[in-house]
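Quick one: structure below, then a few questions.
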Amino acid sequence: MTRIFVTVFAWAVLFFLVAPLLVIFPLSFSSGEILTLPVPGYSLRWYEDFFLTERWLDATKNSFIVGIATMIIATVLGTTAAYGINLTNFRGKTVVLALLSLPMVVPLIVTAASMYLAFSVVGLANSLWGLIVAHTIIATPYVLITVLASLQTFDPNLMRGALSLGARPVTAFREVVLPLIMPGVAAGAIFAFATSFDELVIAIFITSPGEFTLPRQMFAGLREFISPTITAAAVIMILLSFILLFISEAVRRRGERLTAGKVKQ
Amino acid sequence: MTKHGAAPLVVFDNVDKVYDGSTKVVDALNLQIEQGEFLTLLGPSGSGKTTTLMMLAGFEAPTRGTILFDGAPLNNVPTYKRDFGIVFQNYALFPHMTVAENLAFPLRMRRESAADIETRVQRTLGMVKLDALKDRMPTQLSGGQQQRVALARALVFEPRMVLMDEPLGALDKQLREHMQLEIKRLHEELGIAMLYVTHDQSEALTMSDRIAVFDEGRIQQIGSPRDVYARPQSTFVASFMGENNRLDGTVQTAQGHDVSVQITPGGPTVRAALAGGTVQVADTVTLMVRPECIRLSHEDGAANRFDGRIAEVVYHGDHVRLSLVVDGVGTLVARHPVSETGTEFTPGDIVPVSWSAQQMRAFAGKGPSNTSNGD
Amino acid sequence: MSKKSRISWLLIAPLLALVVAGFILPIGYTMVKAVKNPEVTAALPRTVMVLDAWDGQGMPPDSAWDALADDIEESRRGREFGAMTRRLNFEMNGARSVLMQTRRALGSLEPPYAQSLPVAVPELATPEIWQLIKNNSNPFTASFLLRAVDLQFTPDGRIEAVPPGTAIFLDLFKRTFWISIWVTVICVVLAYPTAYYISSLSNRAASYAMLLVLVPFWTSILVRTTAWFILLQREGPINAGLQAAQITSEPLQLIFTRFAVYVAMVHVLLPFQILPLYSVMKRQGTSMLRAAASLGAPPWRQFLLVYLPLTMPGVAAGAVIVFMLSVGFYVTPALVGGLQDQMISYYIAFFTNQSINFGMVAALSLLLLVFTGALILIARRFVPGLGSLKAG
């Protein structure tokens, strides 16, 4: 009895989680202009609109520019910092770690407003550069966490081994450390990209129409007039999230295999 | 001390290593490693032997003092330029590279040609009998095979010296003994100097040209295995190098190295050889004699002859161990080869017991009170 | 410092520099803005100096009129004048129009202004506006922080509650707190049985079921809010369905209600509660329940005395994350809620983008930050190893 109740309840919750996302799919293929079900007929007109309107294309392009730039910078800075943190037990380590993960716990609205106020002073507001800086700051903690986690299973003797065999520190890092912590680095990079690609609050504060990202353009669309093109944009974003989820799961599995196959002592 | 007469390969000149500003791990170390020799640093954990190796490898910097290699100071030479082959306790094989790629790594770092790398990897793999496994990943190898790969990787680039940090610690007893001989053979074949760190005294005795016994950051004694084993200069070395019977007593007479000692007041005196320093009559000394030096007969040359009562007999296959109670002296453990004894020992029997004065070492003062056991 | 820790610092330095310059400093800059009060001194330096000597009783000396006229004349073209009038209007409704009027009048007036100005602008003949200028000549002020908790300064410098009609912020904090509490409670209630059910499935089935949690988790918050925005429209699929099934005859007002805020926020935040619960339950397994059963405990006691305490860390970790994220939520309530359903974030955005008042932005941010900081400190005592939080 309890078992049946729990089962029904759980499936109802899972349905609640997924159904709203599924509803968007038929709506995006509607031939009508009113967002309701059942749809009057199917067409690709809203996708056509998305791919033929400059606003949407620019926004998509901006999202990829900012997302990829954020991913690269956050991954490089996060990985080097994680390696530095892992290297020694220097004084102030916990303080540094807390400071670097602060962007994760400060409410995003506070971060966004503060960055808007401060970036305006130095001319970084209303520029893609400002958004890249902001996204890098909120995305790096995730890289830091995933890379630190994979460094924890890394045997420091491997680095020593590489040095003793004649590798310079940078070469040793590239040839020995990096391949072995790659799952963590990749997971962090994907998360950094996703964070930037999905981020809206900061984008609301520090972008003007020329620099709108995809979420920012959708937000503008929702507030001004709801064109069904938004559903096409939403479907595109859902598919992208799905791809990112798929990659991150694949990376995680690979990471688990690597850890499982650690050299026995 | 120079065995080969040439200039020493490595010189530790008054080297200190202090951690956290207060813990002195290595204390005023002076040590020379000769060309081509097999030197073992032996000691309990925390004695400073591994730190010494780490400083030579360049993973730790000396707090004070200099390390010279071929007469040139090493202090500012980074590890990757030192050209030492290092074998780690956990092997540190690169898990994402095959056996052949692991061996090729140091050659690639030295920008050798592909053909050169190929032949040298092949040759080295042959040397450690791993030709068949070159394309395996390290995770697919047994512990012993991994150990050989680690050894081969440390040798393939013809380093100026090989450093090994407890390289056999993770292997089982049989494999360990086999690898000891294997390493010894490679040392003799290649003639390269090797520095070997271990806490296992039998390993040190089997393999080394010389042994440096470490304790509390200092070298307690350095010398050939025979020398260190047979003529320990301190109670620490004596008890760390194999098993010992240990007695405390009072000096009755002292003439040069020759001392006679009374264990219990009014009891018999035993004759022993002073290990170093001087003692006066009435000083307290510690006496040590190895179980295999105690004979179950009254040997002609033996200065110490007593009768002992057998308290316990333990059979060990090739030998028996007997606990013998000698009145006024104490309980002594004797180790007796089985093949020589047709006789059965029974607890309670009285047997003749003797040992020579040379084999009983007398150490001034009361040594550390740890029991005599290094086996 | 040893060579190795120097290398550590060197590797951390670039990120540390970025975070300090791009995050810590902006936050600090904003926090300082919550108490900064530069506008009046910048626009009216002479007036401020004259009023400094005035005791604030009765009317100021005649020289103050001339100083004011000079200052306004001087700042005619700069941005200081506008900033100053906005600043004073925030403290006293109508101050802005009085000063604008003064500026206009000054074009045709002759000194001595102590005679001509009160005639042209009668409001200047009362002490209030002079007291206001004097009170705001200090470079720092507590008035934004006071206003953020519905308090204000009276012209003579006392602190009083703002008139009931304009008091909004205490309600706002209460509302933010209660909406967050309810969202958290609903998430826990929905997540617990769901996570339990998934953890009881075989590994394979569980990983498929978790996909149904992970896909929404990875989908952007905006997209999920958009889905509800569309679903809840008057002509949207839900109303259409209800009418088609003849449950309702008229479309219901679903969008822009508190109900919409709860539904959408719970939908967005639910995965944050399910994920930690699932991982705790998965690790726990059912062996404890079996042990309890074998010791003779009836099912409800097994649950209350054994399973619930053991899975409490998962409940706590998820609840802390959900609560902290909802306290700072902006996008979802802004899109699907009405004006009565907005939270602190909405007003931070409002003061930044519409009614430009950075002092209030800073004051509300400061309070929200202190509130979250206190929460984290409390949570850290009870939830060890508080996991990673995906910002919302």
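As written, the chain order gives the labels A, B and C, with residue 1 at the start of each chain.
Everything that follows uses one rule, which is that a residue touches a chain if its C-beta (ideal position, glycine included) is under 8 Å from a C-beta of that chain, and two chains touch if they have at least 3 such contacts.
If you're wondering where the values come from, they're calculated on a predicted model, not measured in any experiment.
**Student:** Using only alpha carbons, which chain's centroid is the nearest to the whole structure's centroid?
**Tutor:** Central by C-alpha mean position: chain A.
**Student:** Quick one: which chain's Cα centre is the longest way from chain B's?
**Tutor:** Result for max centroid distance from chain B is chain C.
**Student:** Most C-beta contact pairs, which chains?
**Tutor:** Contact tally peaks for the chain pair A-C.
**Student:** Whole-Å distance, chain A centre to chain B centre, using C-alpha means?
**Tutor:** Once rounded, the distance between the two centres reads 56 Å.
**Student:** Can you work out the whole-Å distance between the CA centroids of chain B and chain C?
**Tutor:** 69
**Student:** How many angstrom between the C-alpha centroids of chain C and chain A?
**Tutor:** Here chain A and chain C have centroids separated by 24 Å.
**Student:** What residues in chain B touch two or more of the other chains?
**Tutor:** Nothing qualifies.
**Student:** Tell me, which parts of chain B touch chain A in their complex?
**Tutor:** On the chain B side, the touching residues are 57-59, 78-86, 88, 90-96, 105-106, 109-110, 137-139, 143, 146, 153-154, 157, 170.
**Student:** Which residues of chain C touch chain A once you look at their complex with the stated criterion?
**Tutor:** Spelled out, the residues of chain C in touch with chain A are 1-2, 4-5, 7-12, 14-16, 18-20, 22-27, 29-30, 33, 190-191, 193-194, 196-198, 209, 212-216, 218-224, 226-231, 233, 235-237, 240-241, 267, 270-271, 299, 324, 327-328, 330-331, 335, 344-345, 348-349, 352-353, 358, 361-362, 365, 368-369, 372, 376, 388-392.
**Student:** Applying the document's contact rule, which stretches of chain A touch chain B when the two form their complex?
**Tutor:** 155, 157-158, 160-169, 171-172, 175-176, 179-180, 258, 261-265
**Student:** In the complex, go through chain A and note every residue touching chain C.
**Tutor:** Within the complex, chain A touches chain C at residues 2, 6-7, 9-10, 13-14, 16-18, 20-21, 23-24, 27, 34-37, 77-78, 80-81, 83-85, 87-88, 90-91, 96, 99-100, 102-111, 113-119, 121, 133-134, 136-138, 140-142, 144-145, 194-195, 197-198, 200-201, 204-205, 215, 218-219, 222-223, 226, 230-231, 234, 237-238, 241-242, 244-245, 248-249.
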